[in-house]
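Shared between the two complexes below is subunit A, which pairs with subunit B and subunit C, respectively.
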Partner chain A sequence: MKLAFYSLTSCEGCLTTLITKLGPDIEGLWNNFDIDYFKLVREPVGGSRFPKADIAFVEGAVVTNLDREHLQEIRKNSRFVVAIGTCASSGNIAYTASRNVKLGKKALSVLEVREAEPLSSVIAVDFELNGCPVNADEFIDALLRLVNGLEPIQPDFSVCYECKLSGNACLLDKGQLCLGPIAMGGCDAACTSVGSPCFGCRGPYIEADLEAYFKTLEKKGLKVEDAKPLLYMFMGKKIKEVLKE
Partner chain B sequence: MAKLSWHEILDLVQDLRKRGFEVVGPSSEGGVVKLVPLEDATKLEINYVRTLNSPKDFLLPNKERLFRYKSTATITSYGLKIRFPTVEGPCPITIVPEYSPPRGRLAFFGIHPCMVNSIRYLDKVMLSDPVDPYYRARREGLFIAVLECEEGDEYCFCKSVDGDKVPKGYADLSIRKDGDSFIVSARSPIGGNLLTEEGVEEIEEFSPKMKEEYILDTANEKSIESKDPADLLESCTLCSSCTVVCPTCYCSDIQDRFSLMDPGNVERVRIRMSCQRRGYSSIAGGVTFLKTKNERFKWRMKHKFPFSEKMYNMLGCVGCGNCIAFCPSRIDFRGFVGRRVA
Partner chain C sequence: MSDSIIIDTGDLRFIEGHGQLIVKSYGGKLRAEFHNLEGPRFLTKYLKGKPVDLAPRVASRICGLCYTVHSISSAEAVERALDMKISEDVRKLRDVLYMANNLRSHLIHLLFLSIPPVEGLISALRMRDLNIVRMGANILSKATELIEVWGGRSVHVPNVIVGGFGKAIKCKELLHPIHQLAALSDDAERLVKYTLKLELPEMERYRLLVALKRSGSYPIYAEEANVALSDGSVLSSSEYYEGLEEVTKDYSTSKHVYFKESEITVGALSRIMLNKRYLSSRARELAEEIEWGPNPFLNIKAQAIEVLHYLDELIRLGGELAEIPPENLKTEDIKAHRDKGVGLFVAEAPRGTLCHYCEIEDWKIKDYRVYTPTAINSKSIENDAIELVKRFKPLGSQKLRFILEDMVRSYDPCLSCAVSLDIYE
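Then we have the complex of A and B:
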């Protein structure tokens, strides 16, 4: 089975995370699969920049025209395309940032920078693994399920669930704005467990209920207006869809 | 009965540890009180109303390995093929269940009567036929030192559901605050042994002062079905905290964990589930039975009250109020299944 790992405009943190966080499983990955391209690790095998792959994993947002062309080539040459990381799944920080800055003529002509988009705005994506960066355990689960012809599973709980399982006192009670109730879980409440509020880096939870969340904030004496910029920080296009704005 | 100083109370904790118990008790941590293993007895907190977690975290952990099994995973030109023994024929090797390693005996020190009642409920669920061997292994030889509760907070309502009385056989020691000292009574031979006393005492049960009391006269299936909780749940984000912090919620999910390193070696784990999550009532084909938050809330109420009463002859709610106090929007179910009388 052939795998390929691509990178579009990003910090390359997701692929780096896979390399550093897979631990002994990275050996398993190398021994059990043909890795025909791995940005940062292995040049494309067999001459083409986009080798034929059973599963292509793509990190990064679509920002430049070149990203767009490459992504279309990847789609043509891969049986499954899996977006890895929040840049690829929602556009991440670049999504909102690129809409808030006025791009000069130079940027448009030389770098061909456009408004950032998630992969799904350009091609059909088979599955999205969220997280900034992606979670290595989730990656393995998804890979093994795909290999066995099963659809991978998205977490069906918000960050609060794992936050409570970890035994944390709620930051909303301390007057801190936390996006936990509407943020997709699966990170083991990494931030709230060390006392920092959740900024929703994995995008919205599959049953995110913004109205209920805003009501919760009001009950706590927190301002809905203060929450909105946070919503746009990581959740990019996904939150736009949830907000129906 | 003995009158002990704070120091002597801490000595009891040490004594239990010396006798091989893993002593778990309330301790202040990060702005909340939690039950934690008391490696240092001085960490014990005795002036508290509620703990964020509960005995279930130790008797029925969030995640536990049930056993490992061999699958006939092979790597073919198509990739890694994992054959599930139940699907493709008999399991190639016998499954040898691996119980959690013996951790010494557990002792809960300084838990309130509502939490003791939650253990009784878990016993009914996990020890009725078929017995859950993992739970039984942890439960065996359990020692309980109950701390009598003086006064609850606005979310407590144990009196309304009989959660304030310690059931028979569920206490080895009773601790009652008395000014700066503590009156400790032996409730079992081992409790007596710890106090170097003979015999077991019948003590008059103390009942905490309540801020609120309820009569649960609409906690039946018909009333729960007929009511509309939409207004109550306006701010419910389906975060499931209510079931995580509930001392009697026992639902779990079973998962098989594969590793890339050794694909043939599979780990079967049991992890916490919640009826507030979509996955709880989803089946093959993408059908979900409990779709909305109204339905999920009603299910929670039905399971806590009429269903538990029918199945275990005991309410599934011990009145600890945790699900209200730790709900990010403080959703209070009490008015839904009853009415306030005090």
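Then we have the complex of A and C:
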């Protein structure tokens, strides 16, 4: 089976997460699959052209014309495309940040920069692995499912669920804004477990009820308008769709 | 007169991000262009008008390899602006995180990105002695585990916040991963010796080298860090910062950064050349076997020496951590003495000297600037490319291309970092 790992505009933190999580097991991945493209690990097969792949994992947002062209080429050459990380699935911080800048004033001779978009704005995406960065265990789980002909699954619970399991005190109760109730879990409540609020880097979870969340905030004496910028920090296009703004 | 392209590397292989190096002849004169083709994410732009506590979280996203030096530098810059005093013990804990991240970054670069192409291989996993890769990958994953225990996650750690950390880590918890790393100390030495034996092109070219300097210790970041130049001058952080200037290039999403109109080079090689007497004894001994000079290819050997140094430092810090009483590690008591101010923090990131600068008003960020090592080194990459073409052109374009690519990689450029300098102001 042929795998390919690509990056568009990003910090490459998702791909390095996979490399360090695998550690010496990267050899197992290398021995069991044909990895024809993974710029951090090997010289690409086929020179400047993108190789055919059964599963392509793509990190990063679409910001430049090159990102767009590469992504379309990747789609053409791959049977199954998995978006990995928040940039690829919602556009991440860049989604909102790039909309607050006047673009195109100073054009570069080699590149065209546009507003940041997640992969799904440009191509059909088969599956999304969320998180900034991606959770390596979820990646391994999704890969094993795909290899066995099963559809990968998304966590269907909020960050609050795992936060409670970890035994943390509720930050909303302490008067701190936290997106835990509406954000997709699967991160083991990494942020709230060290006392930081959840910023929803994994996007809204499937049953996220924003109206109910806003009411909860009001009940706890927190302001809805203070929560809005947080919603737009990582959730980018995903929250725009939910809020229909 | 028209340009004729002498060499075009195409999409650079084994590199973080997307870039390309082109050397042209313009009326008989050589001109190099180092293209950063990674798109901007407007992170510093995003921070303007946002509450100060978002700074380290957003800054972390600048880079997926050296994220903690960005988040720590960001927190420290804000702390300076607000006159918040961090205890020595908290800083010691930040040092642990910093060293572990540098170890991770250097190992990824050496093992996967720079050694294989130097040896003419298509991948680290094709190395003749696979044990070297296994050992390296093992140290890499243990260093990452240490980051995870400290930071709450392996990448973009949420535990670095303005004022210290979100959750006080029990120092004892950190000892386990540090002991695991200590057990791999001999493996690390083998990997380092392997790297030091690599045959590299000889190409010395004079330029000013720059690194932090504090007498008595190998620089990472320091409360009162000074910046040393290889011409012997020493500057305060703010003098250094004020000397930096950005130049926009229409072929790159990153600006080039000069110091007082001249090219400077930062990174492991600069650090070793300016500070090698402060390395751990084992690292110093190995460093003395190498003839150091302003040859960019030597940077990977300098990184290898640092791998050993950081590991030794972690082991030493581990010993000190066991002594820190938990009551010293509270963050709630740290108070901001004002709600506005200006903060500057200079640190040694894996790839070289990094500056974070912020202006704060009414707890909100008014201005935020980042000067990354890759943006600083871009000019040196171009000048080295010209020099290499002059010296190695008779080898033919195929070989020349490989040498040029090896040269770019030896700087360990991080194109995602460099592009975070917003080009649209």
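By our rule, the second predicted complex is superposed on the first by the 233 of 245 C-alpha atoms of A that agree within 3 Å, B and C clash if a C-alpha of one lies under 4 Å from a C-alpha of the other, contacts with A are read in each partner's own complex, and residues count from 1 in each chain.
In this text, contacts are C-beta pairs under 8 Å (C-beta built on N, C-alpha and C of every residue); 3 or more make two chains touch, one makes a residue touch a chain.
The structure presented is a predicted model; accordingly, all values stated were derived computationally and were not measured.
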Joint occupancy of subunit A by subunit B and subunit C, clash or fit: fit
Subunit B versus subunit C as contact partner of A:V147, first or second or both or neither: first
Which superposed partner A:N77 touches (first subunit B, second subunit C, both, neither): neither
Contacts of A:K215 with subunit B and subunit C, given as first, second, both or neither: first
Touched partner set for A:K174, first subunit B, second subunit C, both or neither: first
Which of subunit B and subunit C A:K39 touches, first, second, both or neither: second
Touched partner set for A:K102, first subunit B, second subunit C, both or neither: second
Partner chain(s) touched by A:E27 [first = subunit B, second = subunit C, both, neither]: both
Once both complexes are placed on the shared chain, angle at subunit A toward subunit B and subunit C, C-alpha, multiple of 10 degrees: 110
Partner chain in contact with A:S121 - subunit B first, subunit C second, else both or neither: neither
Superposition-derived minimum Cα distance between subunit C and subunit B (Å): 9
Intersection of the subunit A residues that touch subunit B with those that touch subunit C: 22, 24, 27, 195
In the complex with subunit A, residue positions of subunit B that touch it: 29-32, 34, 52-53, 62, 75, 77-82, 233-241, 244-245, 258-263, 272, 274, 277-279, 282, 293, 326, 328-330
Residue ranges of subunit A in contact with subunit C within the complex: 7-17, 19-24, 26-27, 30, 39-44, 47-48, 61, 63-64, 66-67, 87, 92-94, 96-98, 100-103, 105-111, 113, 116, 132-133, 136, 187, 190-191, 193-196, 199, 229, 233
Of all residues in subunit A, those that touch subunit B in their complex: 1, 22, 24-25, 27-29, 32-33, 54, 140, 143-144, 147-148, 156-158, 160-161, 163-165, 167-170, 172, 174, 180-182, 195, 206-209, 211-213, 215-216, 219
Of all residues in subunit C, those that touch subunit A in their complex: 10-11, 13-18, 35, 37-43, 45-46, 50, 54, 57-58, 61-65, 67, 104, 108, 112-113, 117, 122-125, 130, 133-134, 137-138, 140-141, 143-144, 151-156, 158-159, 161, 165-167, 248, 250-253, 416, 422-424
